[in-house]
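Note that the chains take the letters A, B, C and D in the order they are written out, and that residue 1 is the start of every chain.
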Amino acid sequence: MIRVQREDFDVGQEINRFSNDKHDIGAVCTFLGLVRDLAGDSIKTMTLDYYPGMTEKELSKIEAEARARWPLTDCVIIHRYGILEPGDRIVMVATASPHRQAAFQSCEFLMDYLKTRAPFWKKEDTGDGEQWVEARASDDVAADRWTENIE
Amino acid sequence: MIRVQREDFDVGQEINRFSNDKHDIGAVCTFLGLVRDLAGDSIKTMTLDYYPGMTEKELSKIEAEARARWPLTDCVIIHRYGILEPGDRIVMVATASPHRQAAFQSCEFLMDYLKTRAPFWKKEDTGDGEQWVEARASDDVAADRWTENIE
Amino acid sequence: MKLFYFAWVRDKMGRDGEQIQLPEGIHTAGEFIEWFKDRGTAEAEVIGASEMVKMAVNQEYAGPSHPISDDDEVALFPPVTGG
Amino acid sequence: MKLFYFAWVRDKMGRDGEQIQLPEGIHTAGEFIEWFKDRGTAEAEVIGASEMVKMAVNQEYAGPSHPISDDDEVALFPPVTGG
């Protein structure tokens, strides 16, 4: 399931929604991404821009790819857009599987692909002005792992 | 933080407890393990036995090891004991870090080590009688990865 | 052709997008980029920027050989930074 | 010495544990296992089981060369299956 939304989400509720009353799961892996302000007081707000239509398509492709690679009972990707503040939730990915390693690997795969394929862009307002966040080469390296490592 | 308890836990509440109002996190990875009944109707109950005292010690050691290996802002391990039913929550591990890969890797490390080191034992009641679950060699292999793979 | 801009490409271009008429002889994404680059100062800056601009045709990533026509929706944007 | 049994070791031994007097000449976990194995039928079955029994001394995993004394808390149990 894919959701791109302005509103916040409730991690526990989302996990329960697809794990409650299921007896064939065994393992749920969840990743939650938050707006980070490492320096303590350097970021006032973060604006998340996206490409309506293409973003949903890319996320659906990524989900289909994960389901083809691993035995997933369920899968959810939620990503917010709009203006956020440090500590705010940005993204959540959760995968459910009978097997622990399938849940972990598919969740990490989804995050790596989302980071390099889904058309979202972050802009930080430091108080001294706004700046678009630059893409990181390390994210490309992380995503490339999955093309080399055929399961 | 380590908790060994008979009572159920609330995954969302636990994640929020250590991620709310923190600005230096960025990434939270959570693993949730449930009682699995793959065949559909083969398991009536699962009883979780443990070694009070040693279990908490082993979990604390595992947590300390994860904190030494990765830059973790926070870490929680909750494991239940007693009589559970299919679909019930057994274990939850969550790690928070400024970095996505540290959160994923430390969470997977904690589960791998917990599975092979923490003195818990599962007994399944299939209706035809009770049977202790046998340890799986694949769990040892998973745990061994971390001794070979120095970060 | 519907053309969309995102993130700093939109800032540089000063607009969200525009409706354009694809000139004669342009049939691929690569040919489009060459033509677009020479259209003006902002366009040259966008295409020449140190961070390589990405192109999508009908909401799918497109390489230089990807065919394009006047009926397509084309987008130019920086490498993505979500998640 | 306080001796504890868990999981199927407890089932085989028919009790949670016991207080025992460590015989003369037994100073290591390995020596203890040898002595324990010869104490009775259930003990022999536990130590000879296909699933290797683990030993903890004072709530820490102990290999054969680990020292033990009458003041210790010792536990015997199967490979763990939590998580």
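Heads up, the rule we're going with is that a residue touches a chain if its C-beta (ideal position, glycine included) is under 8 Å from a C-beta of that chain, and two chains touch if they have at least 3 such contacts.
Note that this is a predicted model, so its numbers are computed, not measured.
Steps from subunit B to subunit D, taking the shortest chain of touch contacts, total 1.
Between the contact lists of subunit A and subunit D, the overlap consists of B. Note on chain placement: the centre of subunit A and the centre of subunit B lie 22 Å apart, centres being C-alpha means. Centre to centre, using the average C-alpha position, subunit A and subunit C are separated by 26 Å. Between subunit B and subunit C, the centres computed from C-alpha atoms are 48 Å apart.
The distance from the centre of subunit C to the centre of subunit D, with each centre set as the mean of the Cα atoms, comes to 72 Å. Among the residues of subunit D, those touching two or more other chains are numbered 83. In subunit A, the residues that touch at least two other chains are 33, 100, 111, 115.
Interchain contacts (touch definition given at top) occur between A-B, A-C, B-D. By the touch criterion given at the top, residues 10-13, 15-16, 19-38, 40, 86-87, 98, 100-101, 103-104, 107-108, 111, 142 of subunit B touch subunit A in their complex. Subunit A makes touch with subunit C in their complex at residues 33, 48-51, 53-54, 57, 79, 90-91, 111, 114-123, 132-136.
Those residues of subunit D that touch subunit B in the shared complex are 4, 6-8, 11, 51, 56, 59-61, 75, 77-83.
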